[in-house]
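Here chain A shows up in two complexes: once beside chain B, once beside chain C.
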Partner chain A sequence: MGEKITINPVTRIEGHARVSIFLDDQGKVEKTYFHVDQYRGYEKFTEGRPFSEMPMITERICGICPISHHLASAKACDAVIGVDIPRPAKLLRELVHMGQIVQSHAMHFFELAGPDLLLGWDADPAVRNVVGLIQANPDIALKAVKLRKFGQRIIELTAGRRIHPTFAVPGGVNAALDEARRDEMLSFLEEGIPYIQEGIEIAKKWISEHKEECNQFASFPSGYMGLVKKDGSLELYDGIVRFMDKEGKIVREFEGKDYLKYIGEKVEDWTYLKFPFFKELGPEEGFYRVGPLGRLNVADSISTPLAHKEFLEFKKVNGGKPVESSLYYHYARLIETLYAAERAIEILKDPDILSQDVFTFGTPKNEEGIGVIEAPRGTLIHHYWVDGTGTMKKSNLIVATGHNNWAMSKAVDLVARGFVDGKNLKEGMLNRVEGAIRCYDPCLSCSTHAVGKMPLIVEIYNQEGKLEKRIQRD
Partner chain B sequence: MKKITLASDWLEGCAGCHMSLLDMDERLVELINEGLVITATPITDLKVPAFGTDIGVLEGAVATDHHEEVAKLFRERCKILVALGDCAVFGGINTMRNYIPIEELLKRGYVNTESTVEGKIPQGPGIGKHLKKCMALNEVVKVDFYIPGCPPSADAIYKVLKDILEGKTPELKEELLKYD
Partner chain C sequence: MFLQELSLDLLEELALCDYAVFVDAALEGEEVRVREIFPENKPSFLSHHLLPEQFLFWLEELYHRRPRAFLLSLRGYNFDFGEGLSPEALASAEKGIKILENLIKEVQEREEENERPQN
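After this line comes the complex of A and B, so read on.
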């Protein structure tokens, strides 16, 4: 084997990851690895805590999608006390979840991944970011900032604060909504919908101008998984898990609480991120993708009108078969943003939304509780075991980004093989490799319940292990 | 207009403090227009702060050898070092792990979890090494300003940056000084 290239860290993603690319003597890519570098130990250090603290502790796994952990955790706690929470509480929880989908997706498209598409893969790394975007296109950038704000405002107005609220509790939520706050949300959501549509138009235009790239960039068959409503339409808060094989056939539908029957996780030596797989197909064949692309692939429709219209167009991309190219994640993400905004409006107009009936009291009845939700990045599972007093005995978490671990590794490998030429190395080539990861919008502090750092340094060693060349981005 | 450069990074944290920074919303654009230059941060492709960067902002506690390196690098290269959020200020939620031997933490995550099949503890070359104890930033390097909160509010972050831009010593009082 010849040289090794390290991309460290992958930037414009949440958390810390590295990529190692091994080259042969001709400078061609031989092997790649996607490493995730840290582990925080939430599964362990929560043992012995009162179960009712879990929604507040676990949201601190991730500041980008704290609401997902907060709600998956609250759902697991509901199961522990064996309570079906009042309908208004369910609506309020779903509302903050929609707020988070809007903020997380909007931020990813415009602030993290967008610069590659809108400014170009090979743009100067010093300006290939959101500030560069503000300078290049202040109108779009300001709308993007506002869109993210609207999402965060929904969370703030409903749950009391934007990040790490103390809102969802076992049995419901701890605050009802009033008219003034409802009306404020309705008014800015009306303003936000055209911004999202503009984003979708930008994505569609980009796709039509880069057809070939879109179809080839990290495109590969896989299984897909996501929640759906009873009628098979897209669901993000509470539904059944649907698993689809690479041909597009629905092979299983199951309740989240049965996840252990269907999902296993494998460990590899070179990364702290585990590799989930669909047990019926085994660790070699059972890989699958989650998140926006996975969800739109498994869904039959979307329940809100504007997003459904876009959904029908999306389904045409691969003639009704699952859409396989990783770049389509961005497009799917924006369609989901539109759904989330429309759904938030629906919820706010629901006659039950101002009801004071938001909480049912309960004490621990069951020894186990499982909560499953669609986080912005995919299916999130919280599983708790408690004793009779409600003290945590143990927990198991499978997070969205984990399910996509195999896919990210595969995407990195394909893009590295397609673009990296070790004899003539350019920064833009490596940015494309990072771009393959960005498609999946990984949240690595979630995935290993960890976070990280570091400069991008590329070191090229010759066969004797002597440093030949060093490219540094700083 | 005087330019003030800012670099930031996250250590053992959850990105929530950086989200709160973005929660300044339009005010972030305002600060940029007033001379704040965002250089090496997790949302840009420059990751190493240049020597002489005016403000270095770190989120998160120091939990691995890698974090220690970054903390020292920021100290060396930034004139003012700011600890952002409870994790950086006190160690935060991460320090819950300090009561448990690291091998036990890893065993739960990679061997004993119910969904794990044939688990093992990852030990490949180059993945981060956990320090014995997860620490606050000032246990490793000297810190100039502290913004507590989990996360600190966008208003608090705005106030500190605005004060520095105006050449004042930043100070947080009353509503802006919170520890939750």
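After this line comes the complex of A and C, so read on.
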């Protein structure tokens, strides 16, 4: 093996990661690795705490998608006390979740993915960022800020605060909604839908202008997993887990509580992130993708009219077969944003939404509780084991980024092979490798804790270990 | 407003302000430090780490607003797991509150001075 290129940290993602590209003697890529090399300690320090604290503790895993952890945790706690929560409480939890989908997806498209797509992979890194995007298209930037704000405002108005609320509790939620807050949300959501549609049109235009790149960029067959409603339509809060194989055949549908029968986890010695796989296909063939692309691939339809119309167009991308290119994650993410906004409006117009019946009291009845939800980035599983007093014995958390670990590794390997030339290294080549990871919008903060700021440094060493070239981006 | 981190959605709210004070814990440096800050393009490659100067820069670019802004840094001493503040951090926080009160008073006095009719 010849030289090695390191991208550290990978930029415009949530949290820290590193990519190592190994080159042969001709400067061609031999193998690429996506490393997450920080330790996640959350499962350990949940031990010994009262189970009812979990929705407040586990949401601290992340400042971007705390609601997902908050709700998956509350669902696991509902299972511990054996309570089917009141319908108004379910609606309120789902409403908060829709707020999070809107804010998280909007931020990703604008702040993280947008600079690559709208300014170009090879644009000067000094301008290929949010400021560059603001200067190039302030109108889009203003709308993106508003969408992010609308999502956060739904969370704040419903759950009390934008980040780390105490809203969902075992048995339901701790606050009902009033008419004034409902009406405020309805008002800004109606304003937001055209903004999302504009974003979808931008994505479609970009795709039509970059057809070949879209179809080839980090495109590979895999399984797909996501929640669906009983009728097979897209579901983000509840529902059954559907697994689809690489041919597009639905091979299994199961309740989230049975996940251990179907999902195994493999470890590698070069990363702290595990590699989940579908047990029926084994660790070599059972890898799959989750998140927007996975969800739209497994779903038969979308229950809201505007998003369903877009969904039908999305399904044409690969003639009804699973859409395989990683770049289509961005397109799928925007369609889901539209669904989330429409679904939030549906929920707010539901007669039960102002009900005071939002909580059912319960004490620990079961030694285990499992909560499954679709976080913005994919399927999130919280599994708790408790003793008779409700004290946590242990927990198992499988986060979306974990499910996509294999796919991200595969994507960076394919893109590095396609674009990186070790003898003529350019920043734009490495940005494409990072861009392959950004498609998956990984939230490494869900498994690590980001501290401080580091520049991007790429170093190329020869076979004797001597530094030959160094590119630095401060 | 209490926040874990600065994010884009806050721009619209800050656009309505004439003054802003960012209060944050500091890993090192003086016990308490207050300084006026200005818009500056200091991009971070991590969305979890946005500097107030960069935030002000976005505000100016997008909303053409430039509130007078200060950064109040309070030194923290123990970032390990635990509950409550260390005695040293508590002392920093108390000093910080006094500085913040004086800063607000100073701004209010200046505003009143400006509003007073000129002869």
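What we mean here is this: the second predicted complex is superposed on the first by the 467 of 474 C-alpha atoms of A that agree within 3 Å, B and C clash if a C-alpha of one lies under 4 Å from a C-alpha of the other, contacts with A are read in each partner's own complex, and residues count from 1 in each chain.
The working rule: a contact is a pair of C-beta atoms (placed from the backbone, for glycine too) under 8 Å apart; a residue touches a chain by one contact, two chains touch by 3 or more.
Just so it is clear, the structure is predicted and the values come from calculations on it, not from any experiment.
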Contacts of A:Glu111 with chain B and chain C, given as first, second, both or neither: both
First (chain B), second (chain C), both or neither touched by A:Ile57: first
Which of chain B and chain C A:Thr32 touches, first, second, both or neither: neither
Touching partner for A:His164 - first (chain B), second (chain C), both, neither: both
First (chain B), second (chain C), both or neither touched by A:Ser326: neither
Partner chain(s) touched by A:Phe45 [first = chain B, second = chain C, both, neither]: both
Which superposed partner A:Pro276 touches (first chain B, second chain C, both, neither): first
Touching partner for A:Gly264 - first (chain B), second (chain C), both, neither: first
Partner touching more residues of chain A, whether chain B or chain C: B
First (chain B), second (chain C), both or neither touched by A:Ile134: both
Residues on chain A lying within both footprints (that of chain B and that of chain C): 9, 11-12, 14-16, 45, 63-64, 107, 111-112, 129-131, 134, 141-142, 145-146, 148-149, 152, 162-164, 445, 450, 452-456, 473
Residues on chain A engaged by chain C in the complex (per definition of touch): 9, 11-16, 45, 63-64, 103, 107, 110-112, 129-131, 134-135, 138, 141-142, 144-146, 148-149, 151-153, 161-164, 445, 450, 452-456, 473
Touching residues (chain side chain A, partner chain B) in the complex: 9, 11-12, 14-16, 18, 35, 37-41, 43-46, 57, 60-64, 66, 107, 111-112, 125-126, 128-131, 134, 141-142, 145-146, 148-149, 152, 162-164, 259-260, 263-272, 274, 276, 283, 383, 394, 396, 398, 431, 443, 445, 450-456, 472-474
In the complex, chain B residues that touch chain A: 9-20, 22-23, 25-26, 28-29, 32, 38, 40, 42-50, 60, 63-64, 66-67, 69-70, 92-94, 96-97, 99-100, 104-106, 108-110, 113-128, 130, 150-151, 154
Residues of chain C defined as touching chain A within the complex: 2-5, 7-12, 41, 43-49, 57-58, 61-62, 81
